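By written order: A, B, C and D. Residues from 1 in each chain.
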Amino acid sequence: MLDRRCETIEVALDGIQDGASIMVSGFGDAGRPNYLLKGMIDKGVKDLHVISNNAGNGFTGLAMLFRLGMISKLTCSFPRGDLGAEITRWVREGSLTVEVNPQGTMAERIRAAGCGIPAFYTPTAYGTKLAEGKETREFNGVGYVLETALHADYALVHADKADRWGNLTYKNLSRNFSPLMAMAADVSIIEADEIVELGALEPNTIVTPGVCVNRLIQCRPVAENEWGVAA
Amino acid sequence: MLDRRCETIEVALDGIQDGASIMVSGFGDAGRPNYLLKGMIDKGVKDLHVISNNAGNGFTGLAMLFRLGMISKLTCSFPRGDLGAEITRWVREGSLTVEVNPQGTMAERIRAAGCGIPAFYTPTAYGTKLAEGKETREFNGVGYVLETALHADYALVHADKADRWGNLTYKNLSRNFSPLMAMAADVSIIEADEIVELGALEPNTIVTPGVCVNRLIQCRPVAENEWGVAA
Amino acid sequence: MKPLTREAIAARLAQDIDDGWHVNLGIGMPEQVANFLPEGRDILLHSENGILGMGPTPPEGEEDESLVNAGKKPITMLSGASIFDHAMSFGIIRGGHLELCCLGGYQVAQNGDLANWSRDNDDPIASVGGAMDLAVGAQRIWVIMQHNSKDGAARLLETCDMPLTGMGCVKRVYTDLAVIDVTKDGFLVTEMIDGMTAEELQARTGAKLRFADGCGTMPDLTKAA
Amino acid sequence: MKPLTREAIAARLAQDIDDGWHVNLGIGMPEQVANFLPEGRDILLHSENGILGMGPTPPEGEEDESLVNAGKKPITMLSGASIFDHAMSFGIIRGGHLELCCLGGYQVAQNGDLANWSRDNDDPIASVGGAMDLAVGAQRIWVIMQHNSKDGAARLLETCDMPLTGMGCVKRVYTDLAVIDVTKDGFLVTEMIDGMTAEELQARTGAKLRFADGCGTMPDLTKAA
């Protein structure tokens, strides 16, 4: 029987080691896998390479992994927000490396990784600082930048509904990077708000087919005071 | 008011001229835009470059455009089927040019055209006859073929439900190439089995957002005897 | 002569958005445009995080964590809205499907180059978000910005000296002083605010201006008629 | 010594499909495998045209035009099936998400090269369909075919002389005579049908065979036990 469900969050996060590359779904707070992120804090791994559009905010979720010094590299499109000043300091101190991608390039690189495309050309960033050092090429007289697939060891993804085969749906703008990341990591770990019976999801409305999913856990909310001491 | 609906099929197909490149959705009979194809026959354009996975079957639909000599070039993955012998003959006679793409490469080329990606690398066909003359390159020791975006002037697409903004859903395996083709042509023309009120489609289950669609027409079945004289 | 408020610039720009257009409004000044969309037109707002058909801000207490715009602010959905993932969202952008994107700007050059994401060439965490994709992808880029910086420096220039967002992408600029098309011959002023002279506008601009035949008055549409 | 029927080869292959695998069955002989999937295992069949979780052929009269497989034959959907477009379907293939693809074959070389799409180098409309994508994409390619062509020619070869579908992609071959792994040292026979000798199998094969320690008997599972 194919059953992606994990009994505990420890099982869901099993095998993640120091130095792992981890995709984290979400745009702002929408679609953040906060239960899995809390599990990562409890697990206490470090030296992580996080791939996430933003760096998080406040003293919860992804931001706490930064504040706890668990992350040594961030690939993102927008490292500002609440944490902007700290991130600038960490980069200057040398404890954090930040790679900024244009947001659409980042999304397409992640999709490429999941879909077996090693590299593609994009018009985005041509002639700008973010294309410096990158290979460029003209097609029909227009300049393009060569971008490569962006893989990860693990993806931590928040979904709305899931079944035991790993079929997933998302709620509104919580979808964002989730379907792309679920496909692009060696092991994708999904927290779902609701785990439904096989067959309960209408086949035409499933966004992520279970074949892209490795592990599944029932999500629960993480209370503010569970994130640890605020600075 | 944004309203993609066309009053008549003539309006829906307006502007298509001899020599146009036309994407045609469908895989086998699933998702074939037969009402629009019948309209093309009535319109009587010729020298078309058709982009379609298959060449069609029997004496209906796309196959009839071939039999009527309307098509001078076919880009596809599988030109066999009923029409295989005729297609071979037309190619040998020089009245038809056929470009065969691996099916996944064809799908990805169409997606690339819709998404502003001019070219990408794929492992598919590396080291085979279908990569002859194409640029190749290694990434991490594996060989890949460079493939370019596949555009068209028009796309003829069958959908299940549509609203006046052009938002679309598809029924089961009628989806296949439809969402890709709707994005990849200068003008996408959609026949829908049902045109519903704005707001009747659940936002999370819309497959093609209306921004990808140009024209919309209520579909009606085409009877066998409407396709013209069988050979 | 009174420069337009930010709201008035946005209101002026909004008049030029056609019925049926799909429009991305960048974070900052462009967001204001949503408040001045002309009645009776279907204008579909796109947000990078995966929606077409954004509706207005919800009433307080009715926010939904799963409904936010690119600036992470709460939104609603119109009837006819659609939701999609980030690859599709930027496929729509990059593939040229949006009729318009309005972006803020730090500098615009006379060849249409845009600088709007980083004032500092050495910022270690310069944050671009989706601006570069929008700059190359939308069918037209209209920039909405103050004509001059706070210290009076020109922002319409022969060449940008801040890091570029995109090359040659800007089609039109709406400022507190004027509406200016970017043409193959450089900046062409089509409207100026009441009382502004060509000489004065030129003095506040870092590149040569041409003036359209029949260059009109840029109205303040936030004032009662 | 009796070569296995096509059904019996398919039945033998089906035994090796693990619980929980996502499997694409190519058109032709591989389709037969669906009829012999071991009970009690969740095996999810994928079809290139955009489905995971294909169910069996519907009863006559209950066919749905929108439910067909890659061979355009009517199918049903299992509980838990999912539908997606062609880009996603081949993203799943090319991205290495399918545990297994079974393909038919004309020729397999000892380095794993596969020829299965065209017998004729000069065919003007050689028709590849999705075979090349499957060959490079699936985690493992198992080929199911007759050991020899109708005229007795060998199809397991040192080098293919028909047009290739993919390079070095085949991991295992199931024929009417044997089960043969493709290893870095070439063909390794792991099972032969009852009564077959190593010498005879070698005589019917166009490349050097090695034989596994404990090379077993390839059973005919279509016969009552």
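To be clear about the criterion, contacts are C-beta pairs under 8 Å (C-beta built on N, C-alpha and C of every residue); 3 or more make two chains touch, one makes a residue touch a chain.
On a predicted model such as this, the values are computed, not experimentally measured, just so you know.
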- [ ] Walk from subunit A over to subunit C along touching chains and report the minimum step count.
- [x] 1
- [ ] Please flag the chain sitting at the greatest distance from subunit D, going by CA centroids.
- [x] C
Open item on the list: Tell me which has more C-beta contacts between its two chains, B-C or B-D.
Closed with: B-D
Task: Distance from subunit D to subunit C - Cα centre to Cα centre, in angstrom - done: 56
Open item on the list: Just the number, please: Cα centre separation of subunit B and subunit C in whole Å.
Closed with: 36
TODO: Could you please state the distance in Å, as a whole number, between where the Cα atoms of subunit B are centred and where those of subunit D are centred?
DONE: 30
Open item on the list: Quick check: what residues of subunit D touch more than one other chain, meaning two or more?
Closed with: 51, 77, 83-84, 87, 90, 93-94, 136-137
Open item on the list: Going by the contact rule already set, what residues in subunit B reach two or more other chains?
Closed with: 108, 111, 115-117, 122-123, 171-172, 175, 203-204
Task: Pairs of chains satisfying the touch condition - done: A-B, A-C, A-D, B-C, B-D
Open item on the list: Under the definition above, what is the set of subunit B residues touching subunit A in their complex?
Closed with: 108, 112, 115-123, 139-140, 142, 144, 148, 169-172, 175, 203-205
- [ ] Would you pull the subunit B residues touching subunit D in the complex into a rising list?
- [x] 27-31, 53, 77-80, 84, 87-88, 91-92, 98, 100-105, 107-108, 110-111, 122-130, 143, 171-180, 207
Task: subunit C residues touching subunit A - in the complex, by the definition given at the top - done: 47-51, 64-68, 72, 77, 83-87, 89-90, 93-94, 118, 121, 124-133, 136-137, 163-167
TODO: Name, in rising order, each residue of subunit D that touches subunit A in their complex.
DONE: 19-20, 22, 40-42, 44, 46, 51-53, 77, 79-84, 87-88, 90-98, 136-137
- [ ] Spell out the part of subunit B that touches subunit C in their complex, as residue ranges.
- [x] 1-2, 111, 113-117, 163-165, 167, 183, 198-199, 201, 203-204, 206, 209-212
